[in-house]
Every structure is written in C-alpha cells, then in structure tokens.
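One structure below.
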Amino acid sequence: MSELEGLAERLRRFAQARDWEQFHTPKNLAMALAGEVGELLAEFQWLTPSESSEVMEDPEASGRVRSEVGDVMIFLIRLADILDIDLVQAAHAKLDESEKRYTVEDYRGSARKAPPLA
Amino acid sequence: MSELEGLAERLRRFAQARDWEQFHTPKNLAMALAGEVGELLAEFQWLTPSESSEVMEDPEASGRVRSEVGDVMIFLIRLADILDIDLVQAAHAKLDESEKRYTVEDYRGSARKAPPLA
Amino acid sequence: MSELEGLAERLRRFAQARDWEQFHTPKNLAMALAGEVGELLAEFQWLTPSESSEVMEDPEASGRVRSEVGDVMIFLIRLADILDIDLVQAAHAKLDESEKRYTVEDYRGSARKAPPLA
Amino acid sequence: MSELEGLAERLRRFAQARDWEQFHTPKNLAMALAGEVGELLAEFQWLTPSESSEVMEDPEASGRVRSEVGDVMIFLIRLADILDIDLVQAAHAKLDESEKRYTVEDYRGSARKAPPLA
C-alpha cells in the first residue's frame, strides 16, 4: 500500500467510526477543501512574496502553515478517494498537457503569457 | 523515490526549464492553489449533494472534475515542495490531533458539533 | 454620498489611521477577500442545501454568517475602491451580458446548461 | 430604493424569469461566490504586489478584473438578499468591532500583529 493509499484508508476508517460518511459528498468535501485553502491564504495575505519565502523560518508561522497544508491535503485525499480519482495520475496527466501547451521556447521567463504549471 | 517525490521532481524540472521559479513563491502558489479550488467548486455549485455523488458517471463532467483535481494536486505538491513540508506527514499529524479532539463517543453521527476530519 | 461611498470612505480613514495602506494592494486584498469567503463556506459545508436555507433561524449560526458576510463586504468594498471600480455599475454591466447570454427561452428551469447569474 | 436594493431586485427578477430560484440556496450561492473570487485571484497570482497596483492601466487586464469584480458583487448581493442580511449594516457592524480591537495606538504600521480591517 502506497503512502497515499495509507492516508486514504485512515480517513475512511476515521469517517466510518464517527458515522460521518453521510456528510462526505463531493460537494461538501470540495467546500471543506476550499475553506482550508482560505485559511492557508490568510497566512500569506499581508506578507510580501519574499517574506512568504521565509515563512518556515518563523517557529510560530511555520507551525500554522504546516497545519493548514496538512488540512488541505486531508480534504484533497478524501475528496479524490470518494470520487475514485488517482491523484498522482491526474496530476501527471495535466502535466503532460502543460508540457505541450507551454513549450520552453515560447514561455521561458514569462508568466504573463500563461499561467505556469496548469 | 516515492510517487509524490517523483511528482515534485517533475514540477521542479518543469519550472526550471521555463525559468518560472521566480514566480513560485509560497504566496503566489497559495493563490494559484485557491484559484484551482475555485474552478473545482464551480463543478459542484448547482448540483445537489446526491447529484454530486454521481458526477463521475457523466463522461464530460468526470473529465472536467478529474482535470481540476489534477490541477489542485499539482499546486499543492509544488507549494509543499517550496515550503519543504512533507505532505503525508503533515496530514497524519493533523489526523492524530483530530482523533483526540473528535472522539468517537462524543461526535458519532453529528457534524453539527464539529467540522469532520479537521 | 451613497451608502457604498460612505463605507469606502470609512475604510479609507481606518487604513490611513493605522498606516495600513501599504498592505492594501489589489493582490493582498484579493487574498483577504478569498480568505473571508473561505470562512463563509465553512458555515455551510456540512449543511444540506435546505438546512442552509434555514440558517438564519439559528441564533448562533446566524450571527456567525452575518459576521462573515460583513467581512466579505468590507474587503470587496476596499478592493473596488483601490481599483477605482464602481461595484454597482460593474455588477449591472455583467447582468446586461447575462440577460443576453442566458435567454429566458433557452435556460428556463435549467442550471445544467449554464451557471446562473454569471 | 437604494442602488443596492435596485441590484438585489434586478437579480430577483432575473432568477424568477428563469425559474432558477430553486438553485439559489445559501450553500450554493456561497460556492458560486467562492468560485468567482477564485477567478479574481487568478488575475493577480503571478503579479508582484506593485504590479497588481497598476493592473487597471492595462486595457485587457482591467476589463477582466472589472468583470470578475462584477461577478463577485452579483453573488454577494444575491446571497445577502436570500439570507435577508443588510450588507452595508453588516459591514459597519464589523468595522465597529475592528475599530475597538485594532486600536490606532497598538496597531499603527503593523500588519504582523493583526489582520487589517477584519
């Protein structure tokens, strides 16, 4: 069992034990994922981009960021599990597209022309 | 190399080849992550919760959902890599907390009392 | 002075008095707006759509929802002020488009065909 | 009728004419609001804060930003109307709190100590 399958399995047991599967529809889990991402945004909103690059050097802020990133991961794993989507495969499939669409020749050094990564 | 490390490494090379590392600050990546989650929400916003549970049976909608989930995964992996956070470890750490906080005895069957999972 | 101008003016004075104008770039304010919307989502994530329609009958939940909606309004007003966008005019302009795009004949009763309102 | 009431009334008629009131639960409208905010974030994600301050000088980008801000306003007005919340009053109530909480003496010049505005 891969580390992602291990996490998905732990979440399944967590929800079952509390009879919370009834709440875990894709719609609800997408909302919860968005709510957690909102909390992550709040950590960076008043920082300059370069201050944000040093956030992990601050003991308090780094703990909060690690915690919010963990929450986002939890809901993404759970949502993908409910939808029966292989997260790693879905990401690689999108990267296959992005590599064709954003060729090195045309996009080198420019984020204006295109949204990087995806 | 685990499947997550493989994805992080591919994203590193993707950004380097295009000289896009300059744009990949935690602040910017958190915004991009939130933008992708917004697109995922749009897939579910007018569906009832039970309709959302059947979304993968629709050939067109399932393709869009898979694509959006892949985008979210891409930016989460890239953000965690830049922050040097181990996603699986961060998620398990939060689950350790949630298992203590939301005991089976107190929270069984009720989402009103507490936000499930995190 | 309209009620929206009054609110924008109060926010201007609030930021000036605290020397917070330096933080109020469009980028930062858009992030703060998204963070507040994330908190609003959290109020509805585990409710069914029909439970969400009764949320204002619950004294505690209604207070939280009113508070989050107020926060969203604050950051939207401040962002629009910084960008020099007339919110009411921008909304009417989009509605002019939506009325042409989503004709009553073609879209009556169907949210599948098109995202309502915008 | 104030300009906000005029907008809310136009949205009511828009939804009634298309029989879309059935989709406009608070839960669904909060998701739609978040989706539109996600599109707004995408406009700013790769810009530096200072580049974001000049976004309205670019004819194309300014049009997109105005359009996204209009969409956010539309869903916020509609959500508040459905919830029977007075947006201007809710915003002033939150500002009353913020003025007490973030005193000029303690918070002048510092966004680290507290999230500005709300």
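By letter and in written order, the chains are A, B, C and D; residue numbering begins at 1 in each of them.
The rule we apply is simple: contacts are C-beta pairs under 8 Å (C-beta built on N, C-alpha and C of every residue); 3 or more make two chains touch, one makes a residue touch a chain.
Chain identities (UniProt): A, B, C, D = Nucleotide pyrophosphohydrolase.
In this text, all values refer to a predicted model and were calculated from it rather than measured experimentally.
Novice: Which chain pair is joined by more contacting C-beta pairs, B-D or C-D?
Specialist: The greater number of contacts lies at C-D.
Novice: With chain centres taken as the means of their Cα atoms, state the distance from subunit B to subunit D in Å.
Specialist: Centre-to-centre distance between subunit B and subunit D: 24 Å.
Novice: If you average the CA atoms of subunit C and of subunit D, how many Å lie between those two points?
Specialist: 3
Novice: Would you please write down the residue numbers of subunit B that are in contact with two or more other chains?
Specialist: 23, 27-28, 30-32, 34, 36-38, 41-42, 44-46, 48-49, 111, 115-116
Novice: Chain adjacency by touch: line, ring, star, complete or other shape?
Specialist: complete
Novice: For subunit A, which residues are in contact with subunit B within the complex?
Specialist: Its residues touching subunit B are 2-4, 6-7, 10-11, 14-15, 17-20, 23-28, 30-34, 36-38, 40-41, 43-44, 47-50, 52-53, 55-56, 65-67, 69-80, 82-85, 87-88, 90-95, 98-99, 102, 104, 107-109, 111, 115-118.
Novice: Where on subunit B does subunit C make contact in their complex?
Specialist: Going through subunit B, the ones touching subunit C are 27, 30-31, 34, 42, 45-46, 48-49, 111-112, 115-116.
Novice: Given the complex with subunit D, which residues does subunit B contribute to the contact?
Specialist: Contacts found on subunit B: 23, 28, 31-32, 34-39, 41-42, 44-46.
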